[in-house]
């Protein structure tokens, strides 16, 4: 069991009817995607072709920020607010979609972009799965 | 002129047709609101009545995270993406609305909540003004 | 192989003589500790005895912020600066030590504090191991 | 009075003997520097000479992360821990020094680097002033 799973398991109050598996998957996807995007922006910066990777760097920096904020909001279970959760998940899915599309453009040239694109797709999907379960 | 204004002024490329005044106001509101919410969550924590302020603390922690992420996304002007900007602004306005509502409930008891509620209202409005101008 | 490991593996330039295993372990520990501390602060907030957990909440919030910033700095390998890396690692080890000590005080009462204390210890150790290898 | 000043003014407990003016100056410098460094990294990215600005971008991204984390730690006054505060301030001063030095190298070419260098110098000084007053 991951630490994120253990923390969810030991939360002392009710989780408020949220789908625990989808929540956990989404927290873990956001944390993973935040790190990957920080690393991909930096890898882009070290490429000889950095001038062609401006959009990719910017997109990854945004995605890192939004994924980390989303991972934090989802990690909090006290006084759950469905409206805020939904808005944050929508923003995260949108940002991951944009970053996944951009990284995919460079996936054949840069292995870090290929990996990052996949991670963004997974995170977008995890956000949409959780959104779909919120009712 | 604030530092944020100077940074916008010296950006070396086109701002992409965005309303410069509304953009600057929104960046500054997000940065201000992020700091105020961090401080309000902490002030709540030092109140004798902390047990009655759980929702307020959680709401302020979320708002700090979302405002800071939004302030960062808006501070980047390279390769502007209107779809991402819009989604992030919507999430920020929603989070500020929820936090402003919650802090307002404690505004008569706690001066820090009164101030924080006002800052959240201003930030929500700045996000909506910028959203309205994006076309 | 984790995503963080893959991102390190595909970094397009030299890693600057840093110990790759210790670096990876430290990035992963920082990311894990950041999430655990956010969740532990929130779990504390939902405890009936929240008034006795003020120090723990504050300590976890600080630790989350410092671990996430450290995880980001370490995830960047372009133009490596040993002085900055060392200072950030020292701050992270110190913050994890303080948070681990505080969480340990509540470990018998609260399972989330027991887990969080262990994660903080691991992260502190990972920071010190990496520091020791920087020469 | 700034919002940060008002939040400090309305903190409901003792500030723990810290120099209030130096604390406020440091919080405000960290918040300002975090935003400026995010904007400077992005402005660098839009320069034609982006390939010569790799170190500057990386340095600004680190500085943004460390300044924001420091601003948050300082904004919390509950259960003050001098050891953590000192370590975080040392890391922030070191990071601002490195970023100020790097941005200064490009100050004659890029106005955003000149402004960012000044902001980094101010923030470094504010951290050292607060450190000096902690006793």
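The first chain written gets the first letter, and so on, giving A, B, C and D; residue counts start at 1 in each chain.
Quick note on the criterion: a contact is a pair of C-beta atoms (placed from the backbone, for glycine too) under 8 Å apart; a residue touches a chain by one contact, two chains touch by 3 or more.
Everything numeric in this text was worked out from a predicted model, so none of it was measured.
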Looking at chain pairs B-C and A-C, which one is connected by more C-beta pairs in contact?
A-C
Work out which of C-D, A-D or B-D repeats the contact pattern of A-B, with more than half of the residue-numbered contact pairs in common.
C-D
With chain centres taken as the means of their Cα atoms, state the distance from subunit B to subunit C in Å.
27
CA centroids of subunit A and subunit C: separation to the nearest Å works out as 19
Contacts with two or more other chains, residues of subunit D listed in rising order:
42, 45-46, 54, 57-58, 61, 68, 72, 76, 78
Going by the contact rule at the top, pick out the subunit A residues touching subunit D in the complex.
41-42, 45-46, 50-51, 54, 57-58, 61
Using the touch definition up top, name the residues of subunit D that touch subunit B in the complex.
3-4, 6-8, 10-13, 27, 31-32, 34-36, 38-40, 42-43, 45-47, 64, 68, 71-72, 75-78, 110-112, 115-116, 119
The subunit B residues in contact with subunit A across the complex are 54-55, 57-59, 61-62, 65-66, 68-69, 72-73, 76, 78-79, 81, 83-84, 87-88, 90-91, 94-95, 98
